[in-house]
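Pasting the structures here.
What follows is a pair of complexes built around subunit A, which joins subunit B in one and subunit C in the other.
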Partner chain A sequence: MEQSSTSALLQGTVLDLASDVVSALRSGDHARAGGTLARDGAGGNIARAAVRVLGADTLLPTALLRVPPDPGRLAVFKDAVTAHPPRADAAPAVVWSHWAMARALRRLDEPLPGPLAGDGDTEPDAAWLEDAGWQSLTHQLAVLAPLALPGEECAVTRVARRRPVDVARGFVRAVRRRDWQQAAGAGRWLTLLDGVPDTLGLDTGLDFVRLMGGSDPRVALQLEAARLMPAGVLL
Partner chain B sequence: MPSIEDALEEVTRTDIEIEAALDPAEPDGVFRDSRECTGLALQSGGGHLLLSPPTPRPKKG
Partner chain C sequence: MTDTRLIHHVGVSAMEWLWAHRDGFRLEPDVDPEVGFLERFKPVGELALICGVLFREGVAGSRQAQLARQLLDHAWRETLDGGRMLVRGQRIEPFSPIPFEVYLPFKELGHSQPELEQATALNHRLDSWVRFPVNPTRRLGLSAFQRRFGLTARPPEADLVGTTWLARTPEPWTVEGHTAYDITHTVFHLTDWGESPDGLPPRIADYLATWLPVWIDDWLDLERWDLLGELLVVDACLPRPTLDERAWEGFAAAQQPDGAMPAVRTMPEGDPDTVFDMVYHPTLVAAFASVLATSRALTELARTPS
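What follows is the complex of A and B.
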């Protein structure tokens, strides 16, 4: 199927944005993830959409390295939260992704923009994840990897904490399926969970994922997060 | 200058793209074979991750 120009542009911008975050995580310098995103015009629309897709991980250097966010990037982040709220019938992953972005702003003590200003920290429902099989659980957790942060407390992290062996099984499955993005996301979660079997060989597995899939910035982002996770301090 | 309809259509299309990216279906897997698993085991010097036999694939035909 032919890809629309919007889709191609959006995907490319997401990859560029992920690359910026990876650079910032590797260098420890938020300036590497600087405010190169447009805010106005068509470029601004794509930038906001790309930030919405990358989600709370756009501000990951701030969460893990305690560096202040670049003001330009923070402004686009707020715009993205406001411009792309989940629809009433949106899938749980879409709703949780938006919640994670709002949570990232709250963690920075940033006032929530526009219609979100009156919202509390009310969590979306996580029932769909409670009963998920281990394959689906791992897929969903990998999609929601921006929630895998030290000290994060929400319904999704509580489900993950209860099922370390299932996530470990899902990690191995993802590696064997060569689904590097899912493997990297699951690996990021596993660095946070207690009760992960030693026989998993997580470090070796993550090295292998880096070797095979690390050229994709979205994979590299998850791997950098996993690398920093044990030392990460949430603001 | 683009009309309001064009702008709305663009916004709608972008929202659909965003939702698709945020809630992707799991892609089809490409399974590893035993030789690669052995190579990884030798390379990693004792990792346990991929030492088990490969997942059976559906037989063709």
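What follows is the complex of A and C.
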């Protein structure tokens, strides 16, 4: 019972946080992205967990629009990065998500405390993506959508750039299966890639995803990112 | 690439089922006029078309070829009463293209029914036939059949290709079941049922090479075997078929031990005629996909330097 209410609370916090990010991306107004997140106690645990679900996208308005982060949110973000380094046996997507969060902090010139301070910008390995089928590739890339940023250069973006047709196939698959979050994440990647087949119809495809699934703020977040991407500030 | 034996076995097994259930290819002479006597001709025409493909490709084993020959003879002599049932259908609905469409593959395999030929020649002169109200893909098929019959296609196929859904190469994520069937039939008509893969304009072949894997993946997971089978035929019509291993293994696993291929998920229940009507088409499609894919796999093998 307690577990399920915690999980519902986390789910709600993730949606609230995603809504805040969407508002900030739409308005360009960082103040609107400053919804309060608890830092201490049980609320702090939930807040850090929610930030880890959204990952580096928590700071997306800063990355894309250069709006300074809300100090309270930044503090929780930092806590989330430092308090939960990935375990040695963590899945590659978890490791990469963590790397993307640490990268977001470094971009802000925020000093990383503790064990993260010394690991520089060492990239994890992306071999698991190289040989992934197009279905799995797209699924993984959608999970790692926070890495889909203009000018981002890492092993994951290099794989994505080499496989635009496969990502486009994955987008079609996700739309057909009504997996709007995956479709929106894949669509965000596609806005960054060269060599996407013209016949995909990406613009109308993204509008269709918005029409069908845009009421979920996690979907809306990816779609807003995709919308801002071509005009996005290079990192 | 899939093991050719697995692909081949699907077709052998399908022909066994079709032969064992040949009485299912039946007409209903006393049918309610509102339903129409011609309704039950379609399965017979499809059977003849697929058997024609089987002979043409020449990759069937002796047992499979023998079953196809027996099935064709049965359909012509018993079901169509030596073609007389086609004439009867033509007299009930003189301007319907169905008797002509069913007759063509039998004619190509050496059967003849002069009265139907005369009716076809007359209909071919009618403006009514040129504008017979059917969808663009069926119209393309009618013109292709006129050419194969030895007539001048009216309208010419070149004028019709661009009117099909596929020729527009639309957004691949909008493809639903009925669109997918339209795609497969456009490919069948453009390639003369797999005989001339070169009949696919390069732009369309590229479009299919890009998006067909997504549709195959999708309808495999949905266990829509009838449509998956047609998509596997399309794959075998492409310049570089993928002969997708996961799809072929799933397709083969859905086939029943007696060779029947369910249309969707698992075998339906009901009296034998009902089950036949639900299953004959996916089973024919299985034979069709198998023979084309086997043929393409063997061609690829022959090209591979040892």
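The rule we apply is simple: the second predicted complex is superposed on the first by the 229 of 235 C-alpha atoms of A that agree within 3 Å, B and C clash if a C-alpha of one lies under 4 Å from a C-alpha of the other, contacts with A are read in each partner's own complex, and residues count from 1 in each chain.
Heads up, the rule we're going with is that a residue touches a chain if its C-beta (ideal position, glycine included) is under 8 Å from a C-beta of that chain, and two chains touch if they have at least 3 such contacts.
This structure is a prediction, so every number in the text was calculated from the model and none was measured.
Peer 1: Between subunit B and subunit C, which makes contact with more of the residues in subunit A?
Peer 2: B
Peer 1: For A:Ala93, is the partner it touches subunit B (first), subunit C (second), both, or none of the two (neither)?
Peer 2: In the superposed model, A:Ala93 contacts subunit B only, not subunit C.
Peer 1: In the overlay, answer first, second, both or neither for which of subunit B and subunit C A:Val53 touches.
Peer 2: first
Peer 1: For A:Lys78, is the partner it touches subunit B (first), subunit C (second), both, or none of the two (neither)?
Peer 2: neither
Peer 1: Looking at the overlay, does A:Arg177 come into contact with subunit B only (first), subunit C only (second), both, or neither?
Peer 2: Both partners.
Peer 1: Classify the contacts of A:Arg169 with the two partner chains as first (subunit B alone), second (subunit C alone), both, or neither.
Peer 2: second
Peer 1: Once the structures are superposed on A, label A:Leu10 by its partner contacts, choosing first (subunit B), second (subunit C), both or neither.
Peer 2: In the superposed model, A:Leu10 contacts subunit B only, not subunit C.
Peer 1: Let me test your reading of the model: by the given contact rule, A:Trp134 touches which partner, first (subunit B), second (subunit C), both or neither?
Peer 2: The answer is second: A:Trp134 touches subunit C but not subunit B.
Peer 1: In the overlay, answer first, second, both or neither for which of subunit B and subunit C A:Phe208 touches.
Peer 2: In the superposition, A:Phe208 contacts both subunit B and subunit C.
Peer 1: Taking the stated contact definition, name every residue in subunit A that is touched by subunit B in one complex and by subunit C in the other, in rising order.
Peer 2: 135, 172-173, 175-177, 199-201, 204-205, 208
Peer 1: How about subunit A: which of its residues touch subunit B in the complex?
Peer 2: So the residues of subunit A touching subunit B come out as 4, 6-7, 10-11, 14, 45-46, 49, 52-53, 55, 84, 87, 90-91, 93-94, 97, 135, 139, 143, 172-173, 175-179, 182, 199-205, 207-208.
Peer 1: How about subunit B: which of its residues touch subunit A in the complex?
Peer 2: Against subunit A, subunit B makes touches at 10-11, 13-15, 17-19, 21-24, 26-27, 29-32, 40, 44, 47-50, 54-55.
Peer 1: Touching residues of subunit C toward subunit A in the complex: what are they?
Peer 2: 169-173, 175, 207, 210-211, 213-214, 217-218
Peer 1: Hey, which residues of subunit A end up touching subunit C in the complex?
Peer 2: Going by the criterion above, the answer is residues 134-135, 165, 168-169, 171-173, 175-177, 197, 199-201, 204-205, 208.
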